[in-house]
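Each chain carries a letter (A, B, C and D) given by its place in the written order, and its residues are counted from 1.
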Amino acid sequence: MIGQVPLSYYLLLSAILFAIGAGGVLIRRNVIIVLMCVEMMMNAVNLTFIAFSRYLDSTTGQIFVFMIMAVAAVEVAVGLALLVELNRHKDSVNINDFNSLKG
Amino acid sequence: MTQLIWLTIALPVLGLLINGLFGRRIGNRTVSIIAPLMVLLAFLVGVGAFFETMGRGGEAVAVPLWTWVTIGDFNVPISLLVDPLSLTMVLVVTGVGFLIHVYATAYMVHSDDHGHDHDDRDFSRFFTFLNLFIASMLVLVLGDNYLMMYVGWELVGVSSYLLIGYWFDRPSEAQTPINLGSNTEPVKLQPLLSPAASGMKAFIVNRIGDVGFALGVFLLWSTFGTLQFNEIFPRAVEVSEAMPSVIPWIAALLFVGAIGKSAQLPLYVWLPDAMAGPTPVSALIHAATMVTAGVYMIVRSNILYSLAPGVSMAVAVIGMATAFFAATIALVQVDLKRVLAYSTVSQLGYMFAAVGVGAYTAGMFHLVTHAFFKALLFLGAGSVMHALHDVIDIRRMGGLKDKMKITWITFWIGGLALAGFPLMSGFFSKDEILAHVFEASPILWFFGILTAGMTAFYTFRAIFIAFHGKPRDHHLYEHAHESRTPITFALSVLAVLAIFGGLLGLPTFLGLPHFLNGWLEPVLYELPHAAEEHHMSFGAEMGLLATSAVVAVGGIFLAYFFYMLQPSIPQNLARSTRSLFALLAHKYWIDELYDTLFVQPGLKLAQAFADGLDKVVIDDMFVDGTARLIGRFGGILSKLQNGYTGSYALATFIGVIIMISYFFLR
Amino acid sequence: MILSLLIIIPIAGAIVIAFVPRDQDNMIKWLAVATTALALLVSLPLYFGFADGVSGYQFEEIRPWIPALNINYHVGIDGLSLFLVLLTTFLTLISVISSWTAITDGLKEYMACMLLLEAAVIGVFISLDLFLFYLFWEASLIPMALLIGKWGGSRRIYAAVKFIIYTMAGSTLMLVAALVLYVNGGTSDLPTLVSTLSLSQNLQIILFFAFALAFSVKVPLFPLHTWLPTAHVEAPTAGSIMLAGVLLKMGTYSYLRFAIPLFPDAVAYWTPLLVTLAIIGILYGALVALVQDDVKKLVAYSSVAHMGFIVLGTFSGGQQGMSGAVLQMINHGLSTGMLFFMVGVLYEQRHTRLFSEYGGIWVKVPVFGTYFLLAVFSSVGLPGLNGFVGEFVILLGTFKVNPIAAALGTFGIVLAAWYLLTATRKVMMGPFNEANRNLKDMNMREAGIAFVLILFCFIIGLFPNLLFDKINPATAELAEMISATTLIAGQ
Amino acid sequence: MPIDFPILNFQAIAPELVVVVAAFVVMFMELFVDDKRILGYISLVGLTMAAILNFSLMASFAPPTFQTMLISDGYSLILNLIFIIAAALSILISLSYLSDRELQHGEYYALLLFATVGMMLMGAATDLIIVFMGLEIMSIALYILAAFNRQQLGSGEAGMKYFVLGAFASAFFLYGVALVYGATGSTNLQEIGSWFSADRGNLGDPIALVGLSLLLVGFSFKIAAVPFQWWTPDVYHGAPTSVTAFMSVGAKAAGFASLMRVLMISFGDAFTVDWQLAVAVLAVITMTGGNIAALAQKDVKRMLAYSSIAHAGYILVGVVPGTMNGVQGVLFYLLSYTFMNIGAFAVITVLERRSQVGSAIQDYAGLASRSPLLALAMLLFMVSLTGIPPFIGFWGKLYVFRAAVEANMSWLAVAGMINSAISAFYYLGIVVQMYMRPVATAEDGDVAPALKLSAPVVVTLVVTVIVTVIFGIWPTPLVDLTSLAVFG
């Protein structure tokens, strides 16, 4: 099938996106950016699902993507709410400033 | 009476129960009636059984009481054996025991300077223990199997322990150094062990011997499958042929027990210290009865020893060596009871020499006569102590013969018997032994006769110093007095026995009747193919007898010469051979040697185990160490949990990578 | 039903006591006494109804417990356990009475712990199901740890925690081994497993180790013993009595009940090690006891030595040794229990157990002295008293198989005399230590306890066949099992 | 095209529906009710109804399914029971706990119910979509609940950490789902399973394998298995205790529920060997890590957090063999853990100081004399958690270890037992405090707060104690229940 981008390209792309997202979570300290990175990872997954869905000719993957998008939205909402809440206690968005619990 | 022989044990037990449980309530007078009475009754039962057995011609009768232990093929009944040998012992134990009980009723009451009597504290306790001893000793001699013998063996040990430590709160006493004249350094003496320590020492040393005895019993059972005398002895010859090495092992192991109990080399060390106990105890247990248990055991097991000639020879050699060795120590002791104690060790050596050369009857004979005269001597010493308020150092005595006539005379009688003065009981028995020893080994005999000379010398050295001459301590002398009737009664009876005890075994070569030979014959097993007895010639026998007599008299005379005629000689002699003298005075440093070789290393090892191995290595390093190590890991893990979300994410991510790699690479 | 009652009665007693108001000290005490006395009374028919000369279990009870897993409530006794059950009911009563005045704080919990401990220990001795056994085995830990940890001496917490962790660590492998048996045999019923299961020798060797490790910690066998002195020194008197009297027996009993019959092929493999450790325990325990400065610690180490004899007998390979071991368990319970009790009498008055604080007190307390001495004699194995029969028979049995071990063990008796008489000398003899001038002699309650204990010592010493007649069938069977396997191995 | 209107089998998800409805009722009623505790009782009523429905479903023979998405078989029903019990007990604790801290809000109960629904969905899911949905419903509700105590920084921090790490892990989980989907062409567990069993060679497929590994990561995170446990101590420590109690039991059970379904149905039978070792290693390091770290803790709540990690390790032992007996063991363990752990947290709520995060171990000193019954209850929970018979915790361990032994993996059981011995150290540490130390009076005169036992807490304690003890002595009913769940 000439003209069709091979599956592996999609997979590679989504893997790279996923890795970038994961790397962001690991490296960045700003909670908001960390949140964004998590979103990025989820979207990488979405890409994978859609690619598979297309190549397998199955709609399940696409349905799954909708679910993920809904969940991601909820997560962002919750995450931001939590951050706001935390900000009341401590004027910071640096994730490592919140380390009162340890040991 | 034979069937009632168990009464001989039960009566003293009854006595000890009454005195032990109610002694404080019933009062000392009642106690001092009950205790001797029980022993007397036991003696009477024994006498009854004796005549019955005589009537039966010495046939053994077993009196089974109950089954003690049954496990599979191990079966031991509690059963008593009435035969000439056990009856001999019963009569000696209860007879002498009764006299000593009577003696003790007076001895354990102390008079102060104003003539008021003070009962010894825990009067009833003493008689409880004394009755316990009688019962234990009777178990030892009456048991019809080795386990019961072992039971008695241990029980007399514990009675001895209790009685030696009777004055348990008395401290250890320093001894005055022996003064060897103005320009020589005095010989310092080790302090005497406290009664409590002495008792313990006695018990533990005895137990060391008991290990051997116990192992012997185990081996007997492994070999014969039974511990009954009447099942073992008839089969001994047969077993010996099948397994030649077993019987010697049994004999040797049992003898180790005898070494401990009868204070032979090298385990004699407890006996001198046992003198810390009250004198009646020394007389009864550490002279007349308990210490002879080893001899009884060997005579009882005569067939086993006959089948193990090598071991028997060793018994003889150890016996004679002990006899000689102890006699040398006795030469210089300044403590009257200790002189007698070493003499006991020495005389026991004779007995072992006798049984070692196969002269079982002679051994028993000497056992009996020794019981009479040595008990007499100890009781005499006790009488002296009583008079002198417990002073026992002969250097503070002197001239006592005027103050205490009966004691003096009876002590003389005992001394003569011990020295082997002709026609006294000790003369016959000792001579019989020496004759047999000579037959077996003239070298041994030589040491025996030498010992006999020393015996005569040291006995009379003590007598002359204590009873003759001038009083050395006037205060003591002033207050000295003859003891009361129970004491003098016991002394008198024993004196009679010490004189006439020899009648039990008059020399056969003179054609005189030897009662014991016939009496004990049923218990002595003949080897089937024993070499036929070759008797010595009459002349040789006569010669030996004469030699003995001469040596005894010579020893006595030498003592007389040294301590009555020329009192300066012994001191000069001691001074000139000071190191030898000190060696003897310190008993060859044997106690110190054992202390350095065994006790101290043992304690050090124990301390090292307790402080080092147990506390540090096992407990701290391994047990608590493991706990600490795990705890330390916990601390590390806990530190990793540092509170930073970023670190957590990183760690999680690493986990993910590992997980993926595992699945990817497998 | 009697056996179940023996578990139920103490538990019920504990529950009742839990509902008694805290300030009703006397009521609590009397309830505890009543409960333990009732348990003792109920246990007596076990002796009188026990059929002599019959092997196999008696008073058996089987009830479905977890049918889905084929685990049953199976209890029963034979000669091995009969006297241990009786010892437990007896010693618990003694312990409860001995705590009459010693415990003032938290009496309620104390008595409840005591009763629960009794139930658990009895459970151990009568269980014939692996999991039931394990249940009681572990359940006994908590009450004992509480007894040590709450009513103990100054380092009580350390001791309690050590006790429990050590024992648990020891029994980790046991449960797994039990599971292996259960999985292989399809049941956890001991008699069924013994008669039907045939495992390879290698597996037997491994499983034996797993079981033996747990038991060896409990015994305790050298070098797994260090929890014991600590526990004993810190435990209250009654705790020590129970610990030495019955808890240690759980280990030695279980060798005989589980390790040997389940893995007869492994016995020969492990015997050299166990015998060696037992001998080391005998000698080492005695030596270490010799240099202790605390009476209780001395008695604790003496337990190590004495328990060594029991292990020695257990693995002597013959019936004499095993019967002796069973008897010696009872003996040790009585004599060491009594020693601890005697020490407790002193401690209650003087609050110290150091030798240096005593000396010459026999003058002041003659009754105490006499009983103390008797307890010591019982412990050193004096004939006429109980300890002698046990030790003698054990050594006799051992000698037949292993003369060297028997010789070393016999030497241990010398050491026993050494340290116990040293203790006697330091406490009771020598010049009177003025610190004890206010010391009172035993009162009627204490003297009564001591009298009863020593009476049993004498009875066993003089008529051991009262026990052996019942013990022998069980040990005969065990001995047969082992000899059968060694016979096969030898061919 | 005629529009088919099939009657969906709502019966299969009736308990879930009831709980959802209850959650909505709570949200609605919040507007009208002043005493918010009434909402708690309403939740309890809802949960009770769900439980009743659940039991009635258990009695039915053919397990009803909700299309291919959910199934209400014995397995899911017993898990539902666990979730319902956990939620109910947590609510009982919460009633007074929240009031004391002025946190009494209606959302709390609604969120708790939603979380419960999420768990129930995870237990019943037969499709990865539902697994994911359940997981997220549960997680998001829990994120908020963890941060529910707005007065404390710790609570917010806990919520944030849980959220960030949870989302991070969810992403991995999703990626795993995507890969499995790509490899097999389906998200239905049964179909994935049949795809694998159609051709053994398929399992070599790296995409599927990596997918499986990422699924494992996702579940491991939820059940707090080492090395994905990092969030656990902090979150359990910071969250309101009543929430911690619920999370430690419910979320863990839900994680195991899905994990086992996935492993057994999709990757079961002959393919067990492919993941067995990995899970076994997880089990061992989880229990060891949890126990050892717990040793160092000075805070009871945090200690129990680590202990819950350790327990995840024990439960994983039951997963490893991949057998029905193992599943049964896990179910039994989860059930028993629910009671003893919530009981323990109930005691913590009583002793916890208002102003403080967590509960210092010194506060437990002398508890036996301050409140003998409370101390006794805590003693029983600690002993049961250690796994000492005759308490319910012992049987859980026995059960899962039996499965390991059956599968010839006795070493796992050995590791578990050794860990039990280690765990005794810290569990008993609390007993030591309660029974063997006197009441602590710090130098600054900081006396331990007076103990206040409210009726619901008492009910919780009574229930948990009774279950811990009675079923410890006589575990038969629970055993029968779990075997019913697995074998029908």
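Of note:
Assume a contact is a pair of C-beta atoms (placed from the backbone, for glycine too) under 8 Å apart; a residue touches a chain by one contact, two chains touch by 3 or more.
Only a predicted model underlies this, so the values are computations on that prediction, with no experimental measurement involved.
Listed here as common contacts of chain A and chain D: B.
Counting C-beta pairs in contact across B-D and across B-C gives the higher total for B-C.
Relative to the whole-protein C-alpha centroid, the nearest chain centroid is that of C.
Averaging Cα coordinates per chain places chain B and chain D 78 Å apart. The mean-CA centres of chain A and chain C are about 65 angstrom from one another, to the nearest whole unit.
Centres computed as Cα averages put chain B at a distance of 37 Å from chain C. Once the centre of each chain is set as its mean CA position, chain A and chain B turn out to be 97 Å apart. Shown for chain A are the residues that touch two or more other chains, namely 22, 25, 95, 98-103.
In chain B, the positions touching at least two other chains are 627, 638, 641, 643, 645, 649. Listed for chain C are residues 165, each touching two or more other chains. Inter-chain contacts occur between A-B, A-D, B-C, B-D, C-D. Against chain D, the residues of chain B that register as touching in their complex are 627, 630-631, 633-635, 637-638, 641, 643, 645, 647-649, 651-652, 654-656, 658-660, 662-664, 666. Residues of chain C that touch chain B in their complex: 162, 165-166, 223, 226-227, 284, 287-288, 290-292, 318-320, 323-324, 360, 362-363, 366, 370, 373, 377, 382-384, 388-389, 392-393, 395-397, 399-400, 403, 406-407, 410-411, 413-414, 417-418, 421-422, 425, 428-432, 462-465, 468-469, 472, 475-476, 479. Considering their complex, residues 638-639, 641-646, 649-650, 653 of chain B touch chain A. Listing the residues of chain B that touch chain C in their complex gives 20, 66-72, 74, 121-122, 125, 147, 150-152, 154-155, 158, 161-162, 165, 168-169, 171, 194, 196-197, 199-200, 203-204, 207-208, 210-211, 214-215, 217-219, 221-222, 602-603, 605-607, 609-610, 614, 618-619, 622-623, 627. Within the complex, the chain C residues that touch chain D are 65-69, 106, 109, 131, 134-136, 138-139, 141-142, 145-146, 149-150, 156-157, 160-161, 164-165, 168-169, 172-173, 175-176, 179-180, 182-183.
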